[in-house]
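Shared chain: chain A. Partners: chain B in the first complex, chain C in the second.
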Partner chain A sequence: MNLVGTLFVASLSCCALAAAAALTAPAKARLWLAGLCTAAAGACGAAAGVAALAGQSWSAWLPGLLPLAGARLALDPLSGAFVVVTGTVAVCAAIHGIGYCRHGLDGRVFQAVLPVFVASMLLVPAAASVSTFLLAWELMAVSSLLLVLAEHRRNTSVRRAGLWYAVMTHLGLVAILVGLVAFAAGAGGESFAQLREAGLPPAVKTVVFLTTLAGFASKAGIVPLHVWLPRAHPEAPSHVSALMSAAMVNMGAYGVVRVGLDLLHGGPAWWWLLVLAAGAVSALYGILQAAVSSDLKRLLGYSTTENLGLVMVGVGAAGFLAATGIPVLATLALAAALLHVVNHAAFKTTLFLSAGSVLYATGVRDLDALGGLRDRMPYTTALFAAGALCASALPPGNAFVSEWLLLQSLIHAVPGSGVAGAVTMPLAVGMIALSAGLAVATFVKAFGVGFLARPRSAEAGRAEEVPPVMLGGTALAVACCVALAVAPTVVVPALGRAVAVVFPGRDVVSGELTLRLAGVSGVVSPLLIAVALLVSVMAVLVLVRVAATRRARRAARLWDCGAGPMSARMEYTATSFAEPLQRVFDNVLAPESDVDVTPMKESAYLVERVRFHARVPDRIEHRLYDPLIAAAAAVGRRARVLATGSVHRYLGYGFWALAGALVVLVVLW
Partner chain B sequence: MTDATFVQLLDLACGAFLLTAVLVLWRRELAAIVWLFALQGIALTALIVVLGARQGDVELILIGLGVGALRAGLLPYLMRRALVAGGGGRETQPLVNVATSLLVAAVLAMLAYALSQPLVRLSPTPATQAVPVALTVLLIGFFLLVTRRRALSQLVGFLLMDNAITAAAFLTTSGVPLVVELGISLDVLLAVLVLQVLTTRMRAAFGGTDLDELRELHD
Partner chain C sequence: MVTGALGTGLQVIAVALGSPLLVGVMRQVRARLEGRAGPGIGQPWRDLRKLLRKEPIAAHGTGWPFRAAPLLVAGTALVVAAVVPLVTTVSPLDGVADLFAVTALLALGSVALALGALDTGTAFGGMGASREMAVLALVEPTILVSVFALSIRVGSTSLGQIVTATVEDPLAVVSPASVLAAVALAIVTIAETGRIPVDNPATHLELTMIHEAMVLEYAGPDLALVEWASAMRLSIFLGLLSSLFFPVGIATAGAGVLAVLLSVLVLVGKVAILGVLLAAGEVFMAKLRLFRVPELLAGSFLLALLAVAASFFLA
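Let's look at the complex of A and B:
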């Protein structure tokens, strides 16, 4: 076994060790033992992924492990990229979790399921046959479901979220299962190597692609299959949210790349335009919902939909450009998509873990009840600020680099990609630009309202800084963000090797300090931008300080229009911050508001109380899922006639159904 | 053992197997039903032992004897004990009366015969040609399960199905591995024990073992 294999097996062993430690260790040592073992597993996994990205490949066939076909594992650079992301997120989340789980989450089962979840997410990209892949996928779904349901005793909304997640993830699994089984049947074998060699008729290929796309898109939270995401992510414990949002949803993107681009070798251009359109719509819809959301974790969940939407835009563009014969740009687009996967994982881990720290310290995740955390939780505030800056797609954040690469690939595609490209590419550019703008507003809101100004509730006022171990986990994620932001010249060539699995034989970028795009004109130097920004900010600060010290300071009372003293109720809230945006996108969001005026008994002109209630429902859920659920419920109610409670009747159903089926068999055969 | 003797013995065992099932459908006294079930267990044992002797397979003969001990010995014993505890009795009012039941059994036999033709065509040996018998007993067992009211006769229906499945397994393959047969037998034993407990509890709660009394549990 080579280095990659050794590290990967070590990682899986650490997961098993963590699960065993969680089950057997006494309560005092449990959190530390399980957390550190999981972190070690993540570190080994990340190292294995890096080694795979460096070009070393590994494959294994364990015939005894699964019945009939055996388990097949293989790590190539493409798998390696996703394994690195999962491993690194697992390290941060596990360390953070050691502190986070102290209040009520230190149960045996919960602690043992977490490493299983990590192991399953390492296995999904490493699977090299249909059965292994599906098994790992299902393990990932089930273990994450258990983790989402961890706090179901505390909160009834957790159960609803769990139900939505269970249904959506299993429908997704069914779709993937149907697609891959049809693929394997057509190819005459189930290992990925055989699938790659298979020559299927185009109609079968289309069916395989569309069914698997539906499953993968639901895992990636792509509109309109995203409904589980903004429910499950807020209700899960925060470090689990980080794992789900930064590592698990990526598997959807991995699946589309692996099946669509690698195993099916691309396909007609319309497949990829579909992916691109779904991605662009998700990006815009996700960030719009995030912008008007006032629940911190729900906001982050919708932002995940946005970012995975951007990744899908990249993947779709890559497939489309490859199908129209511009391989240079296809390579660039896919590299941009993978880079965005990595970047999103880094900043979303940071944000969810800091949101977890806030929740730990205050017990509140409603932005309208937060605020004033800068003085009480300075380190957490700084960490969240770093994450928010990275998520805003502005320099010097890391998302800027990947979105810039993505835009470059789309802009340069216009001349050579025919009519379809000439129409879609500018539209996609516009949607990305709009979503980037909205992302800035969203994260200004999340940070400004959530952390600055005065506390808006007693809980926020009582907040204290979280234990160092939680800060450590978050700080590690921030370190990854910074590294990605200043040194993409190291990361992108490595991801180029992952891209080469699909589009072989081309470098994406060159240059040590500046990113030079191969094949098209385009240069960016994130490091220089960061340094320049830093220097100019320092210069401004120094100037202000120098100018300020010339004059003597004078203390005065704050102007409060004579209405003072100013209270926290006068502050800008998350809802009021988002109100203008909500007004602009009124037609898309269709917000519901409700004004309830209670007049006084004596006179109708005197008002005793005005109650205003506003909420922005998920419109797609409203329009698409509610009728479906209502129809299913109606069928269920009608079917109750069949269930009278008589055992004989139930047995009779079975008997007559069997007899009927047998008669049909006899007649037709 | 010559070919002719083998076929005759096999057919005799299968005939007894089928006949006992039909008689279970006919008789209404629960004690008689248990007794007929024990007879069917012996027929099943004979069937397996004949197959084992034909193949010269000692393990198969031993499995057959084990199956016999369970199905002709232990299970009837357990049921008889339950019956004595419940004070005996008759299957008072089956959902389908006895004459119709026998007619249905004939129809089921024809269905089973038609159904197993492709199987027989695959390898037309004397053993495979007896598969329709096993399928008929399976369907009769299911029918018994559906139409009888008393818990004990339903249990016999379930066990008839299981006997039939075992018979079909031995007729179509050249011997079932010991582990598999052991697993199935333990399953059956467990099911009988659970149902016995259930019957006792039902009698304590409702004063009878008519399964439709359970309708009250429906919400």
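Let's look at the complex of A and C:
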């Protein structure tokens, strides 16, 4: 076994160790033991992924492990990229979790399921046959469902979220199962190597692609299959949210790349235009919902939909450009998509873990009740600020680099990709730009309202800084963000090897300090931009020192129109901050508001109480899913007529069903 | 290379020193057209001097975001002033940032100010920040799609290459794509720099103000930095418009020291003319209602989209 294999097996063993420790260790040592073992598992996994990205590949066939075909595992650079992400996120989340789980989450089962979840996410990209992949996928779904339901006693909304998640994730599994089984049946074998060699008729290929796409898109939170995501992510414990949002959803993107681009070798341009359109719509819809959301974790969940949408734009553009015969740009687009996966994982881990710290310290995740954490939780505030800067895709953050690469690949596609490209690319650029602009507004709101100014509730006023171990986990994620932001010239060529699995033989970028695109013209230097910003801010500071008076700062009252000190109730809230955007996008968001006026008994003209209630429901859930659920419920009610409770009747159903099946078999065979 | 570095240094100095004068010119033009005498074009500099001499203020309940915002907004403006080709196209910093990065850097300055405003916890601060962010979000698509339209001709988003290509073939600007992109970018400039009809720099009425609401709590040297930075942003936008669509006189590769010096004068002239035109236009216009602004910006986005379409279908 080579280095990659050793590290990967070590990582899985650490997961098993963590689960065993969680089940057997006494309550006092449990959190530290399980947490550190999971972190070690993540570290080994990340190292295995790095080694795989460096070019070493590993594969294993364990015939005894599963019946029939056995389990097949393989790590190539593409799997490696996703294993690195999962591993690193697991390290940060596990360390943060040691502190976060102290209140009520230190139970045996919860602590044992978490490493299983990590192991399943390491196995999904490493799976190299249909049965192994599906088993790992289902393990990931079930273990994450158990983790989402961890706090179900505390809140009924957790149960609802769990139900939504269970149904959506299993419908997704069914779609993937149908697609991959049809693929394997057509290919005459179920290992990925055999699938790669298979020559399927185009119609079957299309069916395989579309069914698996539906399953993978629902895992990635792509509109309109995203509905579970903004429910499950807020309700899960925060470090689990980080794992789900930064690592699990990536598996959707991995699936599309692996099945669509690798196993099916691309396909007609319209497949990929579909992916691109779904991605662009998700990006816009997700960030629009995030912009008007006032629940911090729900906001982050919708932002995941946005970012995975951007990844899908990259993947779709890669497939489209490969189909139209511009491999240089296809390589670039896929590299941009993978880089965005990595960047999103880094900043979303930061954001979810710091949101978890806020929840731990205040018990509140409603932005309208937060604020004033700047002085009370200075380190968490600084860490969240770093994450928010990265999430806004502004320099010197890391997401800026991946969005820049994505935009470059789209821009250079005109005029080479014909009329289809000339129509879609500008629209895609416009949608990405609008989502980037809205992301800026969203994260200014999340940080500015949630952390700055004065506390808006007593809970926020009593907040204290969280234990160092939680800060440590978050700080590790921030360190990853910083590294990705200043050293894309190291990261992108490494990801280029992952891209080469699909589009072989091309470099993506060159240059040490500046990112220079290979094949097309485009240069940017994130490192030098960061340095230039630092230098010029220093210069301004010196200038002010020299030119301005040297008197000490004098404390003064804020401008309060002379009416006395302002209370926290006069501050802008998240809802009021988002109001202009909500008004602009009124037609898309369809916000609802209720005004309930209770008059006094004495006279209808004297008002005793006015109740105003405004909310922005998820319109897709409202318009698409509610009718479906209602229809299913109606069918169920009708079907009650069939179930009268009579055993004879049920035996009769069994007999007629069997007879019917036999008749069908006789006629068709 | 030496002349490139010289040109970059000169353009930073020109923007840093000249931008308050540009604001002075624009105010003077408005004053004269409105029948007032006006304070003279040196007034913004005199204001800055006065503000710098006042004692700095720490408003109650504000923290590091409030203090850092003026530094960051001035810092981003200086970085942008160094990387855009205003005086020379062969700047040694040209590879650092392209048009996307420049847009993002300017947005970073706005974000810093918005966070500073939210940090005060006053209703005015929140109001200004919220409006500024809404405008910024809606302006972004127009900017990027216009950049797209401009980059098609050259095959690159590098500012140096776009301007060089226009210098070599000035008539390429008179294509439908360029004209549409120019109009779209002009509207964006007005929105981003907070001029009429999007925002009114001279108003302090809470119903309408955007930028002024954000900076209401600043005083003394902090306010001086904010004012200076917003003047620099205005001159950078106008300079960029003139470089992209009318790059006459800009120093290209192989230009001597004299050409670079001349180029500074030409830049000052071009930006002054654009400023006078903008100020004169403002006299004849009223501010739009806040919720009509998105319509204006949607219109500019449409123009940018048409610009891309034109560059493909009419090329």
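To be clear about the criterion, the second predicted complex is superposed on the first by the 630 of 669 C-alpha atoms of A that agree within 3 Å, B and C clash if a C-alpha of one lies under 4 Å from a C-alpha of the other, contacts with A are read in each partner's own complex, and residues count from 1 in each chain.
Operating definition for what follows: contacts are C-beta pairs under 8 Å (C-beta built on N, C-alpha and C of every residue); 3 or more make two chains touch, one makes a residue touch a chain.
Quick caveat: nothing in here was measured; it's all calculated off a predicted structure.
By the touch criterion stated above, A:Val469 is placed in contact with neither chain B nor chain C.
By the touch criterion stated above, A:Val666 is placed in contact with chain B alone, chain C being left untouched. With both structures placed on the common chain, the touch criterion links A:Trp404 to chain C but leaves chain B unconnected.
Looking at the shared chain after the overlay, A:Ala555 reaches chain C, while chain B stays out of its contact range. In the superposition on chain A, A:Ala483 makes contact with neither chain B nor chain C. Of the two partners chain B and chain C, more residues of chain A are touched by C.
In the superposition on chain A, A:Ala60 makes contact with neither chain B nor chain C.
Applying the stated contact rule after C-alpha superposition, one finds that A:Gly645 touches chain B and leaves chain C untouched. Judged by the document's definition of touching, no chain A residue lies at the interface with chain B and also at the interface with chain C. Taken in their complex, chain B has these residues touching chain A: 95, 108, 111, 114-115, 118, 139, 142-143, 145-147, 149, 211-212, 214-218. Only residues 291, 371, 374-375, 392-395, 400, 404, 407-408, 411-412, 414-415, 422-423, 425-427, 429-434, 436-438, 440-441, 444-445, 447-449, 452-454, 514, 516, 520-525, 528-529, 532-533, 536-537, 539-541, 544, 547-549, 551-560, 565-566, 568, 570-572, 576-581, 583-584 of chain A touch chain C when the two sit together in their complex. Within the complex formed with chain B, the chain A residues making contact are 643-648, 651-652, 654-655, 658-659, 662-663, 665-666, 669. Within the complex formed with chain A, the residues of chain C that make contact are 52-65, 71-72, 74-76, 78-79, 82-83, 93, 95-98, 100-101, 104-105, 107-108, 111, 114-115, 118-127, 129-131, 133-134, 136-141, 143-145, 147-148, 151-152, 154-158, 161, 216-217, 219-221, 224-225, 290-291, 294, 301, 304-305, 308-309, 311-313, 315.
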